[in-house]
């Protein structure tokens, strides 16, 4: 059935005698594989060589602090609403006097948990956050787990350490490594 | 087995004794269970084949092994979160699904997307189509025993993934694009990578072609295997490369152009008799056509904005949210899903990796679709499988299955 | 005197045995590396330096894997299967002449397991038994995939044995002997261009094809093809029983390569062997010189074997596999008639003033026809002419 | 090119009162018919020499629990490849009598679409050759896409529903 | 839940598994660790990423794991990649039962580990409800790097496992908790 | 006893044992395997007589090809369950009668025939080798040889005709 004038016949099932004789095509194929035998290999041996995945890669979550080291999160809950996997949960608390150096806004997340096994790393939480508090790091993966109890990350693992600040467009980042898994670092 | 087939099976065969006395001729059939975890079922579905020696007498499929209730989930999610579902439908070419969904919602909301965004979408969709066809044709090679070509192609696929990564930060389930445009413009790095891909990929593809296409062993395996006539194919609801292999040049991109496909010049490859070789060749040629489209889109990429001017639907930039009250309100409304969607119903189709991928959206004005139905091409054409492999051998059945490119995520939804 | 010969003989037999095993072991490693290199990968590299300990890791793992016998399998046959496969594989290397002779005082001992005057037939006999391992194992597993694999293996091996046998008859006519050593020596006498591959090109191609089929290697790996039959005849096997099957395949490959090298590539002969051997005997004395020359021949022979093992792998990672009926068609309708034709042409050539190169006639005619048809026909492929 | 108007007029002429509620949301001709006329309408459109609406794009259903006597709506999308013309046909059914004739004799593709609709909504397609569940397990005793059934799996433990009005 | 999957060197008791790992255990552990044949139970998206792991760029062959054995008898680790629906759950369990000891299980991706976004009536909320899991890989789908990371984690487990662990009471109890004999 | 005699008796013992197993085994597969063992031992006997060609051919043809086909057929028929129903009393009786007659005939033949004695002195050890065999076959026994070939050819054609499918007929 011809519906348009743009169709183009592409399949030719007639074989020539040379094609019927098997050997020419096989020889050609052997030539190609032999060429590849001597070519440079495409493999990037992972644990030894770590690649850089670009500035927008969606990896490990991080709760940002601002320049003064205060947590940016104000526990508005937009990230949790935006999360299609419903992996984020939080408990908000009012900032009391004397905590101004800890939290930027009047409200803060007393508990902030992400279920890393539920999370699908879609980046919608990062997009939803009005305070630019949550980011998916482009320079780190979430490690693998061997225990079901480790998979819920609390603030201790999410809030960025003051000596390990995350910068989105960091020219120094050359690789995107995985954190060594917990059990492996023990043994 | 139908009575007709049983009669056929009984016609010739080995004598078997029965208790009644007279010798009855019964051909002993073997039941072979392909799947749900057979190595050649890419994705999971079960085929129960009645085999007569190596020949297939009849078959029956059981599907639903990864039924994930997409449509039910979609009724609970705001529009923008449904992108994460479409990602996982035909996961070999998720950008097409993503953007098909975005276009459906834009149609409903009446958003006009700027030309630049449309072109970027075309580039991404065609890259996705290439990635999809690469997997399908590569796997066909694997199923006929030639693994090496598949590995060569997968390396090229990695390069497409790199472009995705540059655009959206993920490889497979991209969550790419937003309602109203793209989430970010083509970066300089992305453009460089696309150019590089366009320059280097044809060489590899040609190498793959010369490894397989005219190799008699490969041709013998697939020529004349699993053919289906154009009438049967249409009756079975075939679309996409599988229908085109049967000789019908139906392509949504040409018939109902969307996202500026009318601007591009490309051919619709068609086959002769809808057999596996035709499907293979059509996919192969579609890769070339996609390359053509990408090249045209890259060369004529218009200047302008990469998102529509629709502040009530498209998230404002983060700096604005922090400073601007109006932007903050929009931001909250969009994230909470409280956008003012009109009541109505819309059907929008795009040319997915496997054919016409349709979105039938019924909106009652709420934050989530009232009903969202996906027309999944795989699901509809896979029912023809028993008819296509009847009379073929076991090896053929596997080749037919992989050439149909049945993707479980799309099949079961 | 007898004792010396006995000791040397046992050493040779043990060495042949050990070398077969060693080569088979490392063939698995080489296979993985070759596959990787052809696919632009680097292959095993984490078990030992360059992954050299990979086969040992595999073996170690297999020995300590749970040994599983399916409940409904017939137990003894299930065990017998891999044992038979391994036994027949190991038996066949006995008659391969790995080198010329070793000289002691005034004895000459051939570097060969046993020298019998029907060496070729011996190999054929053992090879034809090899299929029992596969059949018995596949049947005993009580699994449909295994049974299908076993049946495929049996019919394939029987079919291709015929063509395999017919393809070397022309060689036997030329050498007039069934002894492998005699065939090698006859080639050595005729010099480099007297190698049978040059006198019997068609026979060589047929023989090579059939040895692929006999070894169950791609494109003839239907008995175990993964995408159709899961694991074929060894689907139900685990641990070292599986190891035996996989191992037997590699030993078969080694033996086939050795056999091809001796029948068609002059065995331990290499160009200018005479001159080099003479030079060595002149400079080192007739005993040491001769032994060194033999050693060089053996090394050359192993070089040829390694090339063919590589070739087996090379082909495996390049071509797709046949379908069952196409495989049978190729065997019965193409290879057997071709080999009969080859016999007739070669025999006529030999009758008319001993022309050894008669079989080239067929090759030349075929090539001319192919080239002609190719130039006349429209280009086979709708070729993409884009940048 | 066919226009929605002309096709609609033609169908009204042919079927008069059996069809109604003509509309064209986003340019797609939509109308409603009854379950008695749905198969004749499909057949008419398919065999019509000009329209040739002979490609069944999709069959699905919608559940409206709040509209009495029109609780279920079966939606057919058909497509004329030759004319590039699409049409959407709806059939409303009551919850008490969820029967509708099958379209499998007309279109082989209707088989699984109808099975899916049956599986998810419980609409019974009379005359269907093999009306069984297709996506869900055979043992399932309800039709999950109906609005009254919950989406979530009741056995999961790692989520808290109380948060943020979920 | 599956959280009780631990290495077998528990508190030393008179009938417990091995007081000290012998050097023989170490060697076999090393052999096992370097020859883990995977059985890819690929159902959806993660399956494609597993293919990518097999392909040239990431090359799982370097770990000695490229020999994929689709027959469960021959496999050492079961890679469950993708959503497991409730309809599929018995099949996963069946495959696990058919595997020969020692066997390890990796749940690749959010769906296999916990159900991911598919918190629906039809999806199993994590395969650890039917079979014991050794390693969970987060991500949807995880990158090949993370899959390799999981393989390395299993290597670690295999390396440090005592030969007697699979016969120990603890292990039997673990299996019994999944009603596996 | 000379070593060669020990070998001979051991081989003979195994031959008889496996031959008896062929008849008595209940599982047809075991039967076939025992038959293969029998052929092996027979080949051993040939080798003892320095008839290496015969030994090799025996293994290639009988053990390597014919028995494979036997096994093949049995696998197809799947005679796993040992059905004994076919062995009625009548068949047992018939078997005894036939077997008895055969035995009597053979005894009579052996009594009547005078086996040519071979003296160790002038025995040519090369009698069984392939060259001698070839010369003999193509000179003294040319006619029977060619007749046998024709017989085989006819049998082959017949088998092909029997196995050939008519157009439209199904496999098997």
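Letters A, B, C, D, E and F name the chains as they come in the text, with residue numbers starting at 1 for each one.
In the analysis below, a contact is a pair of C-beta atoms (placed from the backbone, for glycine too) under 8 Å apart; a residue touches a chain by one contact, two chains touch by 3 or more.
For clarity, every value in this text was computed on a predicted model and none was experimentally measured.
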item: Where chain C and chain E overlap in contact partners, by chain label; value: A, B
item: Chain labels contacting chain B and also chain E; value: A, C, D
item: Farthest chain (mean CA position) relative to chain C; value: D
item: Per Cα centroids, the chain farthest from chain A; value: F
item: Comparison of A-C and A-D by number of C-beta pairs in contact, larger one; value: A-C
item: Centre distance in Å when chain B and chain D are each reduced to the mean of their C-alpha atoms; value: 23
item: Distance between chain centroids, defined by C-alpha means - chain C, chain F (Å); value: 30
item: Chain E and chain F: spacing of chain centres that average the CA atoms, whole Å; value: 53
item: Of all residues in chain E, the ones touching two or more other chains; value: 55-57, 59, 62, 70, 87, 114-115, 117, 119-123, 140, 143
item: Residue numbers of chain F (touch at least two other chains); value: none
item: For chain D, residues contacting two or more additional chains; value: 81, 84, 135-137, 144, 151, 158-159
item: Chain B-touching residues of chain E, taken from the complex the two chains share; value: 41-45, 47-49, 51-52, 55-57, 70, 82-85, 87-88, 91, 95, 117-118, 120-123, 140-141, 143
item: List of chain D residues in touch with chain A within their complex; value: 81-82, 84, 158-160, 163-164, 166
item: Touching residues (chain side chain C, partner chain E) in the complex; value: 32, 35-36, 39-47, 51, 53-54, 56-62, 64-68, 226, 230-231, 234-239, 242
item: Sites on chain C touched by chain A in the complex; value: 34, 37-42, 45, 205, 314-315, 317-319, 366, 369-374, 377, 380-382
item: Of all residues in chain E, those that touch chain D in their complex; value: 86-87, 114-115, 119-123, 125, 129
